Amino acid sequence: MTTLIRNGTVVTATEFMAADVLIDGEKVVGIAAPGSQPWEEGADKVIDAKDRYVMPGGIDVHTHMELPFGGTYASDTFESGTRAAAWGGTTTLVDFAVQVHGERVMDGYETWMEKAEGNCAIDYGFHMIVGEVTDQSLKDMDTLMGEGVTSFKLFTAYPGVLYSDDGRIFQAMQKAAENGGTIMMHAENGMVIDVLREQAIARGETDPIYHSITRPPITEAEATHRVIAYAELAGCPLYVVHMSVKEAVAEVALARDRGSNVFGETCPQYLFLGWNNLREPDFEGAKYVCSTPVRDWEQGHQEALWKYLATNDLQLVSTDHCPFCMGDHPTLGTQKRLGEGDFTAIPNGMPGVEDRMRMIYHGAVGEGRLSLNRFVEVTSTAPAKMFGMFPQKGTIAIGSDADITIWDPNASHTMSVEHNHMDVDYCAYEGKEVVGQIELVMARGNVLISDGEYHGKPGDGRYIKRGTSQYLI
Amino acid sequence: MTTLIRNGTVVTATEFMAADVLIDGEKVVGIAAPGSQPWEEGADKVIDAKDRYVMPGGIDVHTHMELPFGGTYASDTFESGTRAAAWGGTTTLVDFAVQVHGERVMDGYETWMEKAEGNCAIDYGFHMIVGEVTDQSLKDMDTLMGEGVTSFKLFTAYPGVLYSDDGRIFQAMQKAAENGGTIMMHAENGMVIDVLREQAIARGETDPIYHSITRPPITEAEATHRVIAYAELAGCPLYVVHMSVKEAVAEVALARDRGSNVFGETCPQYLFLGWNNLREPDFEGAKYVCSTPVRDWEQGHQEALWKYLATNDLQLVSTDHCPFCMGDHPTLGTQKRLGEGDFTAIPNGMPGVEDRMRMIYHGAVGEGRLSLNRFVEVTSTAPAKMFGMFPQKGTIAIGSDADITIWDPNASHTMSVEHNHMDVDYCAYEGKEVVGQIELVMARGNVLISDGEYHGKPGDGRYIKRGTSQYLI
Amino acid sequence: MTTLIRNGTVVTATEFMAADVLIDGEKVVGIAAPGSQPWEEGADKVIDAKDRYVMPGGIDVHTHMELPFGGTYASDTFESGTRAAAWGGTTTLVDFAVQVHGERVMDGYETWMEKAEGNCAIDYGFHMIVGEVTDQSLKDMDTLMGEGVTSFKLFTAYPGVLYSDDGRIFQAMQKAAENGGTIMMHAENGMVIDVLREQAIARGETDPIYHSITRPPITEAEATHRVIAYAELAGCPLYVVHMSVKEAVAEVALARDRGSNVFGETCPQYLFLGWNNLREPDFEGAKYVCSTPVRDWEQGHQEALWKYLATNDLQLVSTDHCPFCMGDHPTLGTQKRLGEGDFTAIPNGMPGVEDRMRMIYHGAVGEGRLSLNRFVEVTSTAPAKMFGMFPQKGTIAIGSDADITIWDPNASHTMSVEHNHMDVDYCAYEGKEVVGQIELVMARGNVLISDGEYHGKPGDGRYIKRGTSQYLI
Amino acid sequence: MTTLIRNGTVVTATEFMAADVLIDGEKVVGIAAPGSQPWEEGADKVIDAKDRYVMPGGIDVHTHMELPFGGTYASDTFESGTRAAAWGGTTTLVDFAVQVHGERVMDGYETWMEKAEGNCAIDYGFHMIVGEVTDQSLKDMDTLMGEGVTSFKLFTAYPGVLYSDDGRIFQAMQKAAENGGTIMMHAENGMVIDVLREQAIARGETDPIYHSITRPPITEAEATHRVIAYAELAGCPLYVVHMSVKEAVAEVALARDRGSNVFGETCPQYLFLGWNNLREPDFEGAKYVCSTPVRDWEQGHQEALWKYLATNDLQLVSTDHCPFCMGDHPTLGTQKRLGEGDFTAIPNGMPGVEDRMRMIYHGAVGEGRLSLNRFVEVTSTAPAKMFGMFPQKGTIAIGSDADITIWDPNASHTMSVEHNHMDVDYCAYEGKEVVGQIELVMARGNVLISDGEYHGKPGDGRYIKRGTSQYLI
């Protein structure tokens, strides 16, 4: 089966070119000057992309499908979440398998593999959350490298749940230095934050806004400084997740200036949302409760994060997709409202896997924050290279998977729960008009979305054995 | 006329792919999975690139052909210099037209256009050296923008010759902020350096090594700090040329961290040469006299510059090609030896246009300093984007000029004046073994070099009207 | 002749003690527990200081009496200015002798010595402004060291008048490194500022506020960075005068962090005045025109300067006293109003020699910015040590000159031209209520001010041959 | 009883003056020009200090007498240790009372008060080590403020012993922000260090040098950065103890540049000792095992620490006196040799209370590192002001305690266990010749040491109720 995408403008991290794209089976096999090759003749399928951008499918390297958290579960299953991702122009994701205290790492890995197996609409891989660093956990990290799980996440936050102390984190870093893996860090000083949370509750400060107020920027900046220090001492690559404050990214920038393998991601919520959202009345602010929190706009974090994305001090944008319903979920029951009257009981997380590509495209093109090449890079190419999936993923090139989105730059889209397909009852960007419209989404040559219809099915997506980071210095 | 390059591995700033490349006339028109298309049939020419890298031709954005300096001229003419460039895998260069004191900018521009016209083997553009900032010069900067000269170089060094005081530099920066041009700075504190030079000579310190000793690192770092400050105040893009010390690049890195449009280049001499070379006996050190000077290895500048290249705090590598003979030049007579007994009289400059691609490839691949993608970026893609020539130049993509080099990664090459074609009697890297061998060089579809022969002729190269920088934030 | 000051609280840079102070002739000879010694008996004079602070007389190391500037002269003569200083609690000052272009340094020195000789109410010394660095000037710097002139001021501002280029400045720094002198710098990039001034005038921006707008903070910060770089290269002590912006003092702080002999002063106008003053209508803003200029409050410069004073990143407070009348001066005629309609023609300078001690005491005690010890240090002890006058000057200690002020901390004072004695027709702090009142001023044992009367006469003050800085690391 | 010290040169943090000093009972009551007052007549005692320096007695604010550690006790009791302090020119010390896990803070305080009561040769105060932060501990911090214990020490090191997690540290900081106390931090990342220690032992790296190698500089610098961050968030004064690496002090310097109440001390061992000592053969390196450890000279830490002392980025020098014998102690048995074959079992600590004044005087005067005023400041005045004992302690001034040392600057001294009086069997500076000799030590007017004899007795020293820090901005 061959497909021709003709007359489009192909955009990659580097290129911007009028070209026809020929796909044979799952792979891109040809790119040529428009109409210069007789590819239309033999093609099984011809897609006209005149006045359209033809871009690599999005890669979201930070999602939490079906994550147990705070007494409930993230409301998207691998089935619903990956389908929604496809609707949003994302054709690959990397989720987090979880080891909790008292469990073995490999058990967590197998559990998550089973959850995903046969249910995904798009290709997927896993990072491993190492919830308890033990000798066995360190050995399992080696085992996982062979399974294509080459990145390991630890937490300086959530004491008693996912928190590891600095010694345990350092041991995992040493292991990564040895086996080539990447350490991913949730960098907030959870110990100090927990003191502030208890004090706030004791003072009767229970509204959602206090979720952010009790996580002051320095708690993120300090933890970031700390994990950079020990990653440099251990000699391992470090990737800091969901960065939200300029002072923290400044630490990443300094580490990069001195040539360290230190990387950072941010998410759409930190680029577009802030305290005004958390302060929405009637508990609506709970929609935006996630950790790290959305920040005070007036401190300039958003401007700084966009700038750091432009200068490559932040390398990419993921979502930290982890949705919880505001109302009752049909099967999971009460979610966000668990925290009415006590913000510390609000499940932490937001939907986003379907929103990301549209929001970042809007920021790039609609608001002029990034070039179109850089949009492709931060949403697709960099995720692929950062986590060892390039050139199979992350670009439109000969031999690469035909993971392709076609955008109409002259159309626009209204962000809304009405248009979304995630299993959650709100959209964090409800009503926002964004430039550009995703017309078609193809994954490994297979059209998942076109003409406003979903043509895929559970199991279309395959597990990706990832290699090590392709960005190391 | 069509050409097929088949079976090669195509490398761009982003991609690494096994692919056939089809060229029609001057342009790349097709890229396809090896053998998947029947392109061989109709091709006028077929080049087999099995086990070879197929990469974009090099772009050298800092050369000085026929430059009058210190009582003589740079020994390469546009004819000899551009031909040597082709031999070295470079298919585009940007030279500097010069306005000297008392002359009009446009006169300098026209003089240099005439020098180049009909003589170049490869495509070329011009930056403009503004030697005297006057009201007329500022107007001429606007005029030149329309001529495709979109970058203007000023000097904080060479008082009385090319030096502009800070006020004049600032005026040029304001003009660039207005018309979209880029200000290029030779950043050394020439005032302080001249004091040190006079004092050294007075003390009898006349050997070539004193050329570097009298230009201490802080004189480059301070001037870099200063021009960044005023570029930020004026709001113009700034590009610092031939950066040689880590402290100076640290200033660029900090400016980039805060989101400023500040860029820097380095050159092979700063990455490979140092005081050991300047100290070669019998005046041999004069070979390496250029400004900024090569530096003391022990201070770690080389390591730092490679690291800054890897992290994109330095964006690209050019040559500052400006050769002078050690012995008598047939027509120009005494050159380097003008400075025997007085290093201040040694013409400043080194050959390099033919050496750059090989040396940087060796640093990248042979010494593991840069990825192959990054090699392509710093030698071709970034120069093209920095100076407004992309996507015509700087990549292998549909619609781009077919400026292509074919490298044998399994062969090696001995750097030597014996193998070189520049009109100069020495090679700065004499005897150095480098990995990789350039087998074929094509410019706009025309094979200039193959089978160890040069097939081009003067006038093959065309003037490029450049646009503004494509890297602005 | 002996004098006893009894029952007071003696405050020095270190101490805070209830004590009697015995003075014999010009010197302090005894300090004792109140009433413990029978000093009252033999004393020629007894001053009761119950409930009073007994503190060292102020030292103002930056004044410009009778300075020719902008077509007129600073309105205070050595006679009127030093008398006003005494009224304001200052018992020593260091003025600037001036070499202008085309004149010899020693001639300037002698001219200023003659101006002061026999006219001063208080002791005085001189710094030397080196307006033109020549071989002869450098030799004269050595000569002046022997005359007790151990500090040499140069300018990066005022091109064509007092400006020296970086090479000349560096030569003077080398000389100071050799002879032990201190280089004082007026650090603003005058070249860039002059461009901005011309452009402002061309746009019709002629009001006093544009004096500050055309001297943006970066022009001071950059010049400060630059002169620090070259002082470190030369190896000489550096003292930056009249610092007004936080970014510039941050450069001093960094230099001090790395152990360099770099120092900075600020003045009351930068601690208390700002754009609101420059914007006073009807040309009243001209009162506050001085260089460096008073700054935009909203940028936080004042807060930062007070903080830097507290942390010793700024070492002391001087005045840059250089008054010009708003109305016609009896003998000098039009002064500030020379610049009506053209801010660039407003004579640069403000009165302050009489205001300094009161304003800084108020900032320290009234606003809680500094401890009382630190008040003494920044107004007296540090000036004495910085410029080689300690322990003769700058403290109350055995063997030191009896330069003493007695303050009533429970009284207050209204700053006003009505109460002042400087030969100028306005007070920059008109109407401001300050805590504390100076009741008595004694210089070398001689009561100059008491009971609201001046008891001194011209010639009371003697020339001080100063030594080198006592703060060098 | 009155004492006259005549003809000496009195040196304080500010002054340097030829003066007689009159003491009445415990206090200084008069200072006068030599011979100018008839004080000799009525004096009970006359001490001639011709050609001698008369300086304030030393104050050592970091000692651990009788400290239980690692299965033994510091070998000096309050009796032996305070007597040795007097021999070494120190007339006041502040020791650490200790709360251990499971005990109440007030119990620890009372235990230490009892240990000291009636046994001390010199005046003494206490800091409180808060080993477990509980609600009760926080209340006890308030109680202790009223007892004159105004400083509270916590540890980021020694997990399971004295370590507090960041949340507990932050709570103590909040309490200090509220009650005015100072938080003292032992800042090393003990969690990471413990991993490195275990790994070293597992590799058979058991010699004393590994004590330092397993505590790399970044573990101190990071912890310092961290506690500064949270002290700034809490708004409390912070004092970092026994700083040993330049990178850590750089963090203090930056905090001070931004105006925070952050302070640091260093100790003689970091200024004079290093890896060469730890590497002494036959387990002799164990003498120098203390935490933070002595460092690698070649990294420039010593030079940097001296420089930071000079620039006031470090405020003072204490000892961390905590001696353990190399051979068997008569009553305590095996001490340092507990760690033969396992450096982690070596009791951490060194003698120093008797050595400090001589070593720092030598560094200041003999090596030219500090002025004599600064010597007095870092060894006496700053300790007094930092910990709320000024002006009773820390200077020679009217009304201050007559704590005085008389030094012969023309004599010298050989550091040796032979000359020492501490209850320990080695001197860390054995054989070192230092300039200057302490001839006489007086505490509250009472001569403790003269003519090479000790004239004091246990109980001479009294408990000092301290106030809050007198250095806050």
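Of note:
Each chain carries a letter (A, B, C and D) given by its place in the written order, and its residues are counted from 1.
Keep in mind that, in the parts below, contacts are C-beta pairs under 8 Å (C-beta built on N, C-alpha and C of every residue); 3 or more make two chains touch, one makes a residue touch a chain.
Treat the numbers as computed from the prediction; the structure is a model and nothing was measured.
Listed here as common contacts of chain A and chain B: no chain.
Computed centre separation for the pair chain B/chain C is 52 angstrom, with centres defined by C-alpha atoms. A separation of 39 Å divides the Cα centre of chain C from that of chain D.
Chain centres here are Cα averages; for chain A and chain C they lie 59 Å apart.
Annotation for chain B: no residues touch two or more other chains. Taken as a graph of touching chains, this assembly forms a single closed ring in which every chain touches exactly two others.
Within the complex formed with chain A, the residues of chain D that make contact are 159, 165-168, 170-171, 174, 189, 191-192, 194-195, 216, 218-219, 221-222, 225-226, 229-230, 232-233.
Of all residues in chain D, only 10, 12-19, 22, 24, 27, 29-33, 36-37, 250, 253-254, 256-259, 307-308, 310-313, 371, 381, 391, 395, 397-400, 470, 473 touch chain C in the complex they form.
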